[in-house]
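All chains are identified by letter, namely A, B, C, D, E and F, in their written order; residue positions are counted from 1 within each chain.
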Amino acid sequence: MKISIQINASPYQYQAADTAWNFIQAAIDKGHEIYRVFFYHDGVYNAHRDSRPPGDERDIVKRWSGLQVEHGVDLVVCVSSAQRRSLLEQSVASKVGGYENALADGFRIAGLGLLMEAVIESDRHVTFGA
Amino acid sequence: MLYIVNKKGDALINCIDTVSVDDVILLIEDAVYAALATSLPSVLSKPINGVAIYALMPDMQARGIDVARCYKHIQYVDYAGFVDLVEHNNPVRSCY
Amino acid sequence: MLRLVLKVKTLFFIINKSLQGNVCGQEFLDMALMAAAFDQKVVLLFEGEGVNALVKNQCPEGVGLKNILPILNALPIYDINDVWVEKESMEVWGLVEEKLEISVKSISREVIKKQINAADHVFSF
Amino acid sequence: MLYIVNKKGDALINCIDTVSVDDVILLIEDAVYAALATSLPSVLSKPINGVAIYALMPDMQARGIDVARCYKHIQYVDYAGFVDLVEHNNPVRSCY
Amino acid sequence: MKISIQINASPYQYQAADTAWNFIQAAIDKGHEIYRVFFYHDGVYNAHRDSRPPGDERDIVKRWSGLQVEHGVDLVVCVSSAQRRSLLEQSVASKVGGYENALADGFRIAGLGLLMEAVIESDRHVTFGA
Amino acid sequence: MLRLVLKVKTLFFIINKSLQGNVCGQEFLDMALMAAAFDQKVVLLFEGEGVNALVKNQCPEGVGLKNILPILNALPIYDINDVWVEKESMEVWGLVEEKLEISVKSISREVIKKQINAADHVFSF
């Protein structure tokens, strides 16, 4: 079946990003389709390129990027959540003098419409929060 | 309806307040502590009529929680079982 | 918003915590507004502690926060007309409809539960 | 000892579990909801012997909480009063 | 008296940064000294320069910067919390190709030692969390 | 760590929630280690749900998380020797000392409270 996922919590401080990742792996293993992962609220911090955890810990941001490369999962970051939380679209960043390369590989920034579309197209919608 | 609960405080209490027959509760993350049998009555001390209660085993193991110390009416799933619960129940409500 | 959507789903947006003090409540209501713009069947449900979010005379400006009452008042403009409160929670918190900022449907827990069970998706925050 | 509590669930319950005579509790942010008199017994329904309980008035007003609807044994402070409580009590423990 | 402050939560998603700010204003008004504000855990997100909230909302990051300018309050961001959370020191950023201008004006990045020093020197230590 | 510190304060670090599942527990223990490195009097207190953080056989690696037991085991190396657990919480959670990963002092709530009242600062997370 088609499953869409929503992540509402920041990485490391909460287990949400970890639980979601393990859930997604299991769903893909069982042949389900992850229609989209939508990052909302503090969940947008999962998409910051500059996160550098210590070498002996999982790299949550890189792990998401890998999910996109390996399984083609659509990773969408909410634009309005992101602006409040220091993650600017490239065009905005270049206009205001911010970080043009802030978004990690494999993510894209878009509006809430993409969450709604995912929810309408999916059989299930699972939210992981703080 | 499937409730996914990740904390044992208000999130779980609010969930218990609204569950009804044929609902399923899945305890994940820190909510798995609610599966532990405590000396004082706790929110899951007693079975809930017609409601299946599961705990996510990998989160139990992460916290060193021994099934032998838990309430007998709790059942266990791994992540594959978590996916099955999502497949077989709708809607899914996250309580956090 | 003109848009071709073939499917109409029933979506419950459940508010069971405070909407004040942070941006999450606002962002959560944004989701409901967007769902309505997509012509989905939207139900906004206040239950538990969440019923307190509806009371009149909120002054978050005093602590530098944004007031959410204008958003609640604008719900009909966005075609969100199903605003429900759980009757039992109103009683626990000693609230009556006259104390609320907007008009709502007060519905019992049991009836609400049947409706939620038939919904396609449930959102919470 | 001053407890600063910002949520009415486990944070407040754990605080109540450990308070003793001459302690002071300050409810801030969403914890101010605990000051409201509810129809069911709640964690602050009754005064606690020797413990002064305050709520932060600006957070009450932000949430539209009318003092008339609150327990009579709750007292109120503004931010200046919050600072005074910190000045006159030590140590300060944050419960969140 | 000397008061040190610790902020453990991200801005906007939690009220901690707002409560702390109101508390600090009142403490300064009463003549107390804010020895240091230490940003730990997700609190480090308070120091990201690129945060762009909508124009009708408070700008939490700018407000902190203003506190430093107006009252000389020492704003310290924990280096190890920051690295996990995409806020790199300029020298590290320049080495790894990250955002060299990530830290907002008025903040500095340093180790936990500065928290300990603050706590030892202060009469009170007040923590604001999620 | 060689360092000239004139004042020695008594600092309580209270763990009353789960240490697992996120980085906060680790970062909280880092604070306690740093305090000890500054030659402060450090007490690490486990109470409430926090006592569960001490049990043996934790396998967070199974969900991709870091194990905190090695940090707990290293506490004496960092000169943190006052590791207390609240007796009443141990009883509520059905724990006995043999089930714990490290050796602790089991102390009653009342005695703990007197000690905390005399502390200079209390840290929580």
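What we mean here is this: a residue touches a chain if its C-beta (ideal position, glycine included) is under 8 Å from a C-beta of that chain, and two chains touch if they have at least 3 such contacts.
Owing to the predicted nature of the structure, the values given are computational and were not obtained by experimental measurement.
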item: Labels of chains that are neighbours to chain C and to chain D; value: B, E
item: Chain whose mean Cα position lies farthest from chain B; value: E
item: Selected interface, A-C versus D-F, where C-beta contact pairs are more numerous; value: A-C
item: Maximum centroid distance from chain C, chain identifier (CA atoms); value: F
item: Cα superposition of chain B on its sequence copy chain D - rotation in ° rounded to nearest 5; value: 180
item: Chain E against chain A, contact positions shared by both copies (same if over half, else different); value: same
item: Distance from the mean Cα position of chain F to that of chain A, given in whole angstrom; value: 34
item: For chain D paired with chain E, centre-to-centre distance based on mean C-alpha positions, whole Å; value: 26
item: Centre distance in Å when chain A and chain E are each reduced to the mean of their C-alpha atoms; value: 26
item: Computed distance of Cα centres, chain F from chain C, in Å; value: 42
item: Where chain E touches two or more other chains at once, by residue number; value: 12-13, 15, 19, 22, 41, 80, 84, 124-125, 127, 129-130
item: Two or more partner chains touched - positions in chain D; value: 8, 10, 29-30, 58-59, 90, 92, 94, 96
item: For chain F, residues that touch 2 or more chains besides their own; value: 17, 21, 23-24, 49, 63, 65, 121, 124
item: In contact (per the touch rule at the top): chain pairs; value: A-B, A-C, A-E, A-F, B-C, B-D, B-F, C-D, C-E, D-E, D-F, E-F
item: Partner chain F, residues of chain A touching it in the complex; value: 12-15, 18-19, 21-22, 56-58
item: Residue numbers on chain C that touch chain D, as the complex places them; value: 17-18, 20-21, 49, 52, 55-60, 62-63, 65, 91-94
item: Partner chain B, residues of chain C touching it in the complex; value: 12, 14, 16-17, 47-49, 109-110, 113, 116-117, 119-122, 124
item: Complex contacts: residues of chain C adjacent to chain E; value: 21-24, 63-66
item: Contacting residues of chain C [partner chain A, same complex]; value: 5, 7, 9, 11, 23-24, 27, 30-31, 34-35, 37-38, 40, 121, 123-125
